[in-house]
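Before I ask anything, let me first share the structure, which is written out below as structure tokens.
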Amino acid sequence: MPIVELHLLQGYDDGVKARLGKGLTDAVRFVLPAAPEAVTVMVHEMAAANYYRGGEMRQPAPALPDPTRIVHDYLSAMERRDLPAAQAMLAEGFTMQFPGAAPMTTLEELIAWSKPRYAFVRKTYERFDAMPGNGGAIVYCFGTLHGEWLDGTAFEGIRFIDRFEIAGGKLIRQDVWNDMAEAKAQA
Amino acid sequence: MPIVELHLLQGYDDGVKARLGKGLTDAVRFVLPAAPEAVTVMVHEMAAANYYRGGEMRQPAPALPDPTRIVHDYLSAMERRDLPAAQAMLAEGFTMQFPGAAPMTTLEELIAWSKPRYAFVRKTYERFDAMPGNGGAIVYCFGTLHGEWLDGTAFEGIRFIDRFEIAGGKLIRQDVWNDMAEAKAQA
Amino acid sequence: MPIVELHLLQGYDDGVKARLGKGLTDAVRFVLPAAPEAVTVMVHEMAAANYYRGGEMRQPAPALPDPTRIVHDYLSAMERRDLPAAQAMLAEGFTMQFPGAAPMTTLEELIAWSKPRYAFVRKTYERFDAMPGNGGAIVYCFGTLHGEWLDGTAFEGIRFIDRFEIAGGKLIRQDVWNDMAEAKAQA
Amino acid sequence: MPIVELHLLQGYDDGVKARLGKGLTDAVRFVLPAAPEAVTVMVHEMAAANYYRGGEMRQPAPALPDPTRIVHDYLSAMERRDLPAAQAMLAEGFTMQFPGAAPMTTLEELIAWSKPRYAFVRKTYERFDAMPGNGGAIVYCFGTLHGEWLDGTAFEGIRFIDRFEIAGGKLIRQDVWNDMAEAKAQA
Amino acid sequence: MPIVELHLLQGYDDGVKARLGKGLTDAVRFVLPAAPEAVTVMVHEMAAANYYRGGEMRQPAPALPDPTRIVHDYLSAMERRDLPAAQAMLAEGFTMQFPGAAPMTTLEELIAWSKPRYAFVRKTYERFDAMPGNGGAIVYCFGTLHGEWLDGTAFEGIRFIDRFEIAGGKLIRQDVWNDMAEAKAQA
Amino acid sequence: MPIVELHLLQGYDDGVKARLGKGLTDAVRFVLPAAPEAVTVMVHEMAAANYYRGGEMRQPAPALPDPTRIVHDYLSAMERRDLPAAQAMLAEGFTMQFPGAAPMTTLEELIAWSKPRYAFVRKTYERFDAMPGNGGAIVYCFGTLHGEWLDGTAFEGIRFIDRFEIAGGKLIRQDVWNDMAEAKAQA
């Protein structure tokens, strides 16, 4: 039965409102055992001239980008080695943790590190999970890797998972786990 | 500025309302760039006699357990090898995916599989991430493993991540990634 | 989907709130094609100290009696010829219209008029319909009559319908239609 | 003092909202002894993009026709013997109960039954009463009949009442009472 | 934390809504020790077709003029001796009380009274304070007077305060205090 | 028609809520020409566990004292020369402005200044006007003075007005105007 009312300044497009409608429904169903159709969300929009804090009008800030999209775009840029595009998505202080590597902070380091390990790698995604966290967003994605070892033999079906932290629309941390060492050990 | 009003049947304890208050705040901040103190949540509670759907009164269903707690309890039971306790937390159709293993469905299988791999293992958690998903909850936890190999040498600092799906308060799927193979390869 | 919120002063019992919950649901479904379970009613109660009109507190007035009950009680009193009880339920200016009779205003008139028509009559109710109207309530009830003619022969299954107007908890008008003349003509 | 708030999807015309405003006011005044001007109804409309159930948008369904109008149109069509128009307003399973007749289900039956009883009949309405009921609407109308007997003599002032049940915008049941037999008996 | 929601018929311009937003914020902060930014006001506007009292639509009345502006305009008209303009702002029954004078009711009286006292006087305002009161508005303004005595010598810095009562947009009472006698005594 | 809803943390007594109810009604009527009984205020109270800002619970702060009472108490203490009581009501930085005097900051100064002017003085109040202002409250009071000159002759009916600014429950500024000089000049 829970009913959620969200009061919002006018000016967000339907996609933003749909993300809010979905997110608030999920937030309720995370705690209460309500069937989906038992959770109602109503978004009440107000003109700026109808909202006052401390007696002053306020302006709506632009909505945040979808963090799943940010991660997806970043991983695509890396796969096609479009380093400028990827670099533009990194926040100041970005760090990466890959299996068996020391923490890295630049894409150049990462590429140098991967060079002796495989010729190329592509991701097949099973699923993205995104949630609010750490004052921004946390995104997980997992699935399998396929590609080519340095000797030209192909590999596929190697499980991986990536975890990203996003703040202010930029990536600030990436953690990677996968079964590459396991695959090599079994090879 | 967003203000969220949640209308709820009476009878949930303060902990449940705090989880809802936090979750709804996060859901808004996931989409809108509002500072935390700019997001207000008001929970309006109603006696059952004050709420009608189709002209009929409804009763509140008990809140769902905190999925982070479920995962934490399960992993603790497994560490201390309390199989009955762990077993009680598994849903019908539970499956596990560990690195380099075929999918497993019983705890006995898992124990048999791990026996030739290490003497014991303990987890140090860096963080739990939980979110609504798949009609239930998804929980990630990650950190490092320490323990003993079969030859009695100790290991520590091996990165791991676990992903769980929970439905109806029970675990239905576990996926595990870690750097054990990497650690062995480097040893 | 319609959601109805009713703001009310505290102090009405659950029966009153259930009548309001049902009535508001019906009022919505009278105009909109919503399934019953798609119409939600929330009753928000306030202490008198939380409600101000013109800056002044107000006290809740007692709920009105159920008009169906009033009509039922009146007709029962008449059937058992408890004239004082029936009389007490009539408003100043009460008038009755029976088939083939001039309008009557007193129970004594009614009894005198019925004496040459039948020995006694009892009602079997098929249904009561009640609704707001004329600043008060309107109640219809219909079903069949059974009883005895003056010559001692029994009758039954004679269709009737009564219409009542109620104001201030008292009956102000009664209109009666039935098939008695039809039955006699066919006899 | 009661205040009613109705949350509704956008798209209903002012006539529909006025019917809802009136109906909700009546529903409150049916239970609480509030003066009309003490009952406030506010209709809050939302764009479809601002309303979510189960996280999904919904579309508003067209409002139901006014049941009083349906009955009025049906009775007019019957008076002028426009059988196709009248027939189109009947639901599957429609039944009629007239004084002294067996239940009838077709207009042809009704016309055959009335032919030996009067040349024609017209209704003068005193009042229509309509209310929600039986998952649809119930309409009463009453007043007097005038017309011509088969022998060409005129009649007038014969009281009648009709009761209709409406579902899905169509008539499903009609019950008729009147003083025709009484009038004939007195003639 | 207090949140104020104001439900209003549509049609007031942004200036009116800003005055309401400011006034409601002040009204809360007059009683509760909330920081300004902790008080939120939301104005919910409704089309006339969405608001019913006693089941009837209502039309919005024009907003009241800002009483500070009325007082300011009146005092300006008096300073430039535009008596018709000033007169037009006075309610029936207007009375004035000046220091050392009997109550006066006409502008002609006032001018006659002031003639033997000074050649002219101008006001420098420090501040206007306006508030609801006596079913209308009360406005205070204070500051200093400058001008010329009858003998042609200038004066300045003489403190004054005026108090006005306003009803229906017109001045009904004026009370004046100042240090003119003090200034003369010290001269 | 305006309807005001105030959402508040639980714990304020009825007197505080009545002050809020009155103040919000006045704030609306200051701008809109609504009859008093056309303005409704509903106070919705919430337990602390039902209110979250930034996902955190908040506690209600004690209501502010009535500023009219503060002024009244201060002026009474001064009349009976209870300097410690009066002193306790002054904020750091308190200043006073009396007719024909330089600004003063201590009660001792004030008493020294008044000594050569009159033997004693008492106030008869016509009215107090209080309003929010300058982040606190502004209080006006006016009426007449009576007392005794130094030569023992009595005076009465001398008009006065005091203006106070209050912040944090303490007096920060007092401005006084009166007709004492006028009275002396006329004597």
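We call the chains A, B, C, D, E and F, going by the order they appear; numbering starts again at 1 in every chain.
Just so it is clear, a residue touches a chain if its C-beta (ideal position, glycine included) is under 8 Å from a C-beta of that chain, and two chains touch if they have at least 3 such contacts.
What you see is a predicted model; the values in this text were computed from it and never measured.
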{"item": "Chains in simultaneous contact with chain C and chain D", "value": "A, F"}
{"item": "Comparison of D-F and B-F by number of C-beta pairs in contact, larger one", "value": "B-F"}
{"item": "Label of the chain whose CA centroid is most distant from the centroid of chain D", "value": "F"}
{"item": "Mean-CA-position distance for chain D and chain A (Å)", "value": "58"}
{"item": "Inter-chain centre distance, chain A versus chain B - centres from mean C-alpha coordinates, in Å", "value": "19"}
{"item": "Residue list for chain A, restricted to those that touch at least two other chains", "value": "1, 3, 7, 24, 26, 36, 40, 42, 44, 51, 53"}
{"item": "Graph class of chain-chain contacts, one of line, ring, star, complete, other", "value": "other"}
{"item": "Chains that touch, pairwise", "value": "A-B, A-C, A-D, A-E, B-C, B-E, B-F, C-D, C-F, D-E, D-F, E-F"}
{"item": "Chain B residues touching chain C - in the complex, by the definition given at the top", "value": "7, 44, 46, 49-57"}
{"item": "Touch list for chain F against partner chain C, complex", "value": "14, 17-18, 21-22, 24-26, 35-45"}
{"item": "Chain D-touching residues of chain C, taken from the complex the two chains share", "value": "1-9, 12, 16, 19-20, 23-24, 26-34, 36, 51, 53, 58, 60-64, 67, 97, 99-100, 129-133, 135, 137-138, 140, 142, 159-161, 163, 175, 177-186"}
{"item": "For the chain A and chain C complex, residues of the former touching the latter", "value": "1, 3, 40, 42"}
